[in-house]
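What follows is a pair of complexes built around subunit A, which joins subunit B in one and subunit C in the other.
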Partner chain A sequence: MKVKVNGIELELAPGTSAIDAVFAAGSDVPYFCSHEYMSPVGSCRMCLAKIGAPRKDRATGNWVLDEETGEPQIFWFPNPMATCTTAIMEGMVIETEAEEAVKAQRGMVEMTLINHPLDCPICDKGGACELQDRAYEYGEGISRFEFDKRHQEKHHQLSELITLDRERCIHCKRCIRFFEEVPGDEVLDFIERGGHTYIATVEEGLESNFTGNITDLCPVGALLDRTSRFKGRNWEYEHTITSSLDDASGSAIVLDSRTGRLERIKAELNTQVNKLWIDDSTRFGYEYVNSSERIKTPLIRKGDNLEAASWQEVSEFIADKLAKLAQKEAAIVLRADSTLEEGYAAKNLAKILETGQIDHYPRQLASVIPNNSASLNDLASSDAIFVIGDVSQNVPIVDLRIKDALKGVAPPEMFEHGVPIADLRLKERMIRKKEILTVAAPYNVDLMRHAGQAHIYEANSEEAIFKALTKIANGEDSSVAAMSNEQAEALVKRLNEANNAIIIYDGFSLASPAAAIAARNFANAVGAKEIILGQMANSYGLEAIQVLPSHERYGYAEIMQGSAKALIISELNPANNSQYAQNLKELELLVVHSIFENETTALADVVLPAKSGYEKQGTIVNLEGRLLEVNAAPIDAGQAQDFEFLAASIIAALGKEGKEDLASLAHKAIRKQFGVDSKKLDPEGDLKPLKPRANNKAKLHIQSTNIGNALIVPTMLRLEYIDKNPHLLAERGAAKLTMNSIDADANGLKNAEIVSLDVAGIKRSFSVQIKDSVPAGLWLIPALPEQAIGLLELDRASLKKELEPA
Partner chain B sequence: MMDTKIQAFFADKQDLLSEILERYPDYGQRSAVMPLLRAVQDAERHVSELRIKEIADILGISATAVKGVMSFYSTYHEQPVGKYHIQICSTLSCSLAGSDEMYDYLANELDLVNGETDKDGQFSLQKVECLGSCTTAPVLQINDDYYENVGKKRCKHLVDSMRENKLEKPWRERKGDHEGAEKAKPLQKTALKGVS
Partner chain C sequence: MSVLDIAKGMGVTLGHLFKKPVTVLYPEEKVDIKPRFRGRHHLLKHPDSDLEKCIGCSLCAAACPAYAIYVEAEENDPNDPTSAGERYAKIYEINMLRCIFCGLCEEACPTGAIVLGHEFELADFRYQDFIYGKDELMVGVKGSKWQRREAAKKNKEVNIGVKSVPRKELEGVNYD
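On to the complex of A and B.
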């Protein structure tokens, strides 16, 4: 379709909005209410332009021609038009610089500023405010409004995480639309009307996992992140773009740091992964890195105490001890969000130490690498989705991308100026195609609200369900737990007939290799692609590069049960488990790489300060098989180092340095394994899905537990840090022990009561949450990194009520 | 905490409820928020938080969304309005024709300010925006009736008559007061069939 913007002719696809035509022509027009990935609504009236189009004669079907020029005559709309809600037409002429347009834009700036306080000097958005910028660019600089401005609440705390300044709100409706259109949680709305309109919620707090995004998208300083409020000014921040290590999506984020402290996290655009959204754990779960309790120097045991030492001293000490060990006696364990570089470093160290006792954790028995992997954009355009497990807590972004699919609008085509500013296919309150989504889980999961079919099955019946569904897919008779025959048949039929069917499963299925194989077989039987939700940011990558024991008898659990004489462990706290703690005490050498002191550092011979995920440089592989860059923000972490540095120091102290350093070895290994240059990754990552290794037979000999009275469930919160994330803690509260009211009554428990419980060796405390949607007899316990998801047998007699603080 | 003693409004009005819901197609059930609010407001002279929640649950939307719609209209109330709900148009035409003075007079006379209800529940005073009857400014709306071209004398007269619980009917001369549009008939279910 041909259009002309400010004299420039363009050829654009039908359906393009006039505002995108303007930007495609390299011109600019101010806007406040339009936002990438949300419906254009035309509420701010800022994007005005003079627009006209030729017209066809009804009778002849020919263009009405201009008598003088003989060209099609342009019929101008009588008023300036909002370009964001106007679709282009053949021959349309758009003038953003015409006198009428300029005058209208100036008028709108003046109008918008009538009630907007001019408190930019004390506003956190100052310097990064769309209104400030647009007022400079398009405003007249004067106001004819001589009266008092509207006064409203300046500090309305919407939640522990977000504050609303009602005077600053310009009623663009972005925040309201976000909640309805993106996560589908309608928790905000305009209250009242006209000049009295304000934003509010009548629910308690903002019940959604994605609330923080409204602080990014508010064009003014009305919605502010409470973790960063009144700290830095926007121009003082160092902005580091990186991939989040909070979960397996690898969502793009910006780290805003200042004077060595991390002070804010915002979402960054990755059109393939998280679009412009992140969940609240990813955004607000960072405060721990600034904690004064961080370990900042290496520590070495002197009697009962740990004393500060240099990296060199401790490396020599470690090397001395290690040199005395025989083959296979040392063990190395990384947390599953370590980078590929750290993974290779661990492998190289293991090789030098001649041990096969190497693992990453948390990790399930079965592989997290799917056979036929779907990308997140595949998911967003899927027409049949079957989820078994809890997506929203495992990887919240997957939850959002499923909701994209329900809208039935495929990811947009990019313009040179980026994501369409106004995608006219998106509407407010679109009808969601719930029928394409079936969700099954052992308890009521959040995504069920959005599903056409939801099924709660008995915990640990994943294998049986997949097998029964496979039978149905193969035309045999079978019955599926928690589903009627019609439902099961309809599900299989839908997946079979879909063009882009996707099956999503998580740790519940991976806890049993047989269930994982059954899942894969079912996906094959119905021709569906798979998404497997790994428990941590680099679960996929560390498995892909085989940071795995040479034999399953040297896995994490076995190491903790005493299979090794020396252990180097990074960012895990196995000694929170009293049984493991006993074994760890027996070790000849325990080296703990950690950010904070904990039960394990208390037993360590050497403690090494670890970098957080915001301070590392490296590469991860997300759940799609996408290699993403992790970049370091300038945060003052003392002498903290990543595992690569740790391994290199030990290798150096052992005198076993090779010709090449670990970094270049890792760089080469990544190229060899994934076929990409890790120093030149695409900013949106490089998709390199792998096949799962076929040699996982050994694992099959291990029986997974198939009995239990408690289920370790995924949680989007990083519970290991929650105590040091004060805002997130205040909003989300302590870890919850969730159970049915029958169980609560039987144990004399009340809602919100604080209890302690021995969870398979780990003493933990919880606040009781009673939910009748949880099957009776099953207690739900949110996972720690030291406890992979799945069923376990709990000693319920260990339950103790904690004394109420007086 | 929900007060369980108060019965759900629609609990004993299932016929009304299904009649209202049937007017809208499946995907548009949330549009029923208006008639549901209206039903509650008419019966209880206000829509309490409890009722907001009830309507939200019926429609499967959030209470915030119901409140958003409700608060848009000055015809729904959070607190019960008095037996006589006096609404003074204060938009331009009426304002030019003297509605501000009329407000002052009523406020004085009834000892109420905008938005208040007296403690006996007799009178509520409320400024509202344009009532769509600018040609007959200034306009008072008392409950559902319009009183038009209201001068000082007449205003006093109306107050007196309400005090005696004998509010007179709107005038009909000079094409003056009218009872609004003819009462809308409830939409026939059959008429809607083709729509969905």
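On to the complex of A and C.
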């Protein structure tokens, strides 16, 4: 379709909005309410332009021509038009610089500023504020408004994480639309009308996992992040763009740091992964890195105490001890969010130590690398989705991308200026195609609210379900637990007939290799692609590069049960398990690489300060098989180092340095394995899904239990750090023990009561949450990094009440 | 050059011998400073409420061409506010070694909190003593760090070499 913007002729696809035509022509028009990934509603009236179009004669069907020029005559709209809600037409003429357009834009700035307070100097948005910028570019600079401005509440705490300044709100409706359109949690709305309009929640609090995004998209400083309140001005922050290590999505984020402290995290655009959204754990779960309790120097055991030492000193000490060991006596364990570079370093160190006792954890029995993997953009345009597990807690971004698919709007085509500013296919309150989504889980999960079909099955029946569904897919008779035969058949039919069917499963299925194989077979049978939710950020990558034991005798659990004489462990706290702690005491050498002191550092011979995920440089592979860059923000972490440095200094102290350093070895290995240059990754990541190994040779000999009275469930929050994230803790509360009211009554428990419980050797404390949607007899326990997802047998007699609820 | 020229020159010299001298016997005598002289800064308070004018906005630091200012803000306790706004400066530091006394910080300040005063005797011994924090800059504090150290040692009043010259921006500052 031909359009003309300020004299420039363009050829654009039908359905493009006029505002995108303006930007495609290299012109500019101010806007507040339009947003890349939300419906255009035309509420701010800022994007005005003079618009006209030719007309066809009804009788002849020919263009009405201008009598003087002989060209089609342009019929102008009587008033300036909002370009964001106007679709282009053949021959449309858009003028943003026409006198009436400029006058209208200026008028709108003045009007918007009438009630906007002038407290920019104390506003956290100042310097990065769309209203400031537009007022500067398009405003008059003076106001004719002589009366008192509107006065409203300036500190309305929407939640522990977000504060609302009602005076600053310009009623663009972005925040309200966000909750309805993106996560589908309608928690905000306008109250009153006209100049009195304000934003409010129905009940107190914001019930959603994605609340923080409204602080990014508010064009003014009305909605602000409380964790970073008054920590610095926008121009003072160092902005580091990186990938989040919070979950397996690898969402793009910006780290805002100042004077060695991380002060704020914002979402960054990755059109392939998280678009412009991140969940609250990714955004607000960072405060621990600034904690004064961090270990900042290497520590070495002198008698009962740990004393500060230099890296050189401790490496020599470690090397001395390691040199005395025979083959296969040393063990190395990484946490599953370590980078690929750290993984390769661990493998190289293991090779030098001649040991196959190397593993990453949390890791489950089955592989997290799908056979036929789907990307997140595939997911967003899928027409049949079957989820088994708890996506929303595991990888919240996958939850959002599923909701994209429910709208039936495929990811937009890019313009040269980026994502379309107004995607006219998006509407407020769109009818969601719920029927394409089926969710099954052992308890009531959040995504079930949005599903056409939801099934609660008995824990640990994943294998049976997949097998039964496969039978149905192969035309045999079978019955599926928790589903009626019609439902099961309809599900299989839908997946079979869909063009882009996707099956998503998580740790519940991975806990048993048989279930994972059954899942894979089912996906094959119906021709669906798979998305597997690993428990941590680099679960995929570390498995891909085989940071895995050489033999099933040497897995994490076996190492903790005494298969090694020396252990180097990074970022895990196995000694929180009393039984493992006993075994760790027997070791000849225990080296603990950790951010904070814990039960394991208390047993260590050497403690080495670790870098957090915001201080590392490296590469991860997200759940799609996309290689993403992890960049380091300038945070003061003393002498903290990553595992690559740790391995290099031990290798140096052993005198076993090769010709090449670990960094260049890793760089080469990544190129060989994935075929990409890890130093020149695309900012949106390089999608390089691998073929899974036919067989996961590294099985743990402890088989998953088939019976149990408790389920370790995925949690969005990083519980190992929650105590040191004060704002997130205040909003989300301590770890929850969730159970049915029958169980609660049987144990005399009340809601919010604090209890302690021995969870398979780990003494943990919880606040009780009673939910009747949880099957009776099953207790839900949020996972720790030391405890992989799955069923377990709980000693309920170990339950103790700690405090009465206040 | 004629004798006459020499006599003329000597005449000028002689003439000056009988004029009132412009030199001041500094440091015995105090110097007479022009109102717009730019010496070390003062952080001012609202005289009526005793609340600090500074709201910790960092605009002075942004304006400073010498990167001499460092500000860290904090939220006011509504029951016991430090400043008149929502936020105040928890840390406010000026590095007097970097400062070129250009006055741009004063120009940028939206609340008139930071004002360049008339004190100029800033000499000291150690680098770190040139970092003036909130304690040193707050209105009511007279003299440089060294002057105050000396005075404390000798148990005397701080004596600065400047006379008070009124300037309306220096609200509450008193050099007497």
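FYI, the second predicted complex is superposed on the first by the 796 of 806 C-alpha atoms of A that agree within 3 Å, B and C clash if a C-alpha of one lies under 4 Å from a C-alpha of the other, contacts with A are read in each partner's own complex, and residues count from 1 in each chain.
The rule we apply is simple: contacts are C-beta pairs under 8 Å (C-beta built on N, C-alpha and C of every residue); 3 or more make two chains touch, one makes a residue touch a chain.
All values reported here derive from a predicted model rather than from experimental measurement.
By the document's definition of touching, neither partner reaches A:N521: not subunit B, not subunit C. Shared-chain residue A:W235: touches subunit C; no touch with subunit B.
In the superposed model, A:I431 lies in contact with subunit B only, and not with subunit C. When the two structures are aligned on the shared chain, A:L188 is found in touch with subunit B, with no touch to subunit C. Of the two partner chains placed around the shared chain by superposition, subunit C is the only one that A:I122 touches, whereas subunit B remains out of contact. By the touch criterion defined above, A:A200 reaches subunit B but does not reach subunit C. By the document's definition of touching, neither partner reaches A:Q673: not subunit B, not subunit C. Shared interface residues of subunit A, touching subunit B in one complex and subunit C in the other, do not exist. Chain contact summary for the complex, subunit C toward subunit A: residues 55-59, 61-62, 72-75, 85-87, 110-111. Touching subunit A in their complex are the following residues of subunit B: 27, 30, 49, 52, 61-65, 67-68, 71-72, 129. Taken together, the subunit A residues at the contact with subunit C in this complex read 119, 121-122, 126, 154-155, 229-233, 235-236, 259. Residue ranges of subunit A in contact with subunit B, taken from their complex: 185-194, 200-203, 429, 431.
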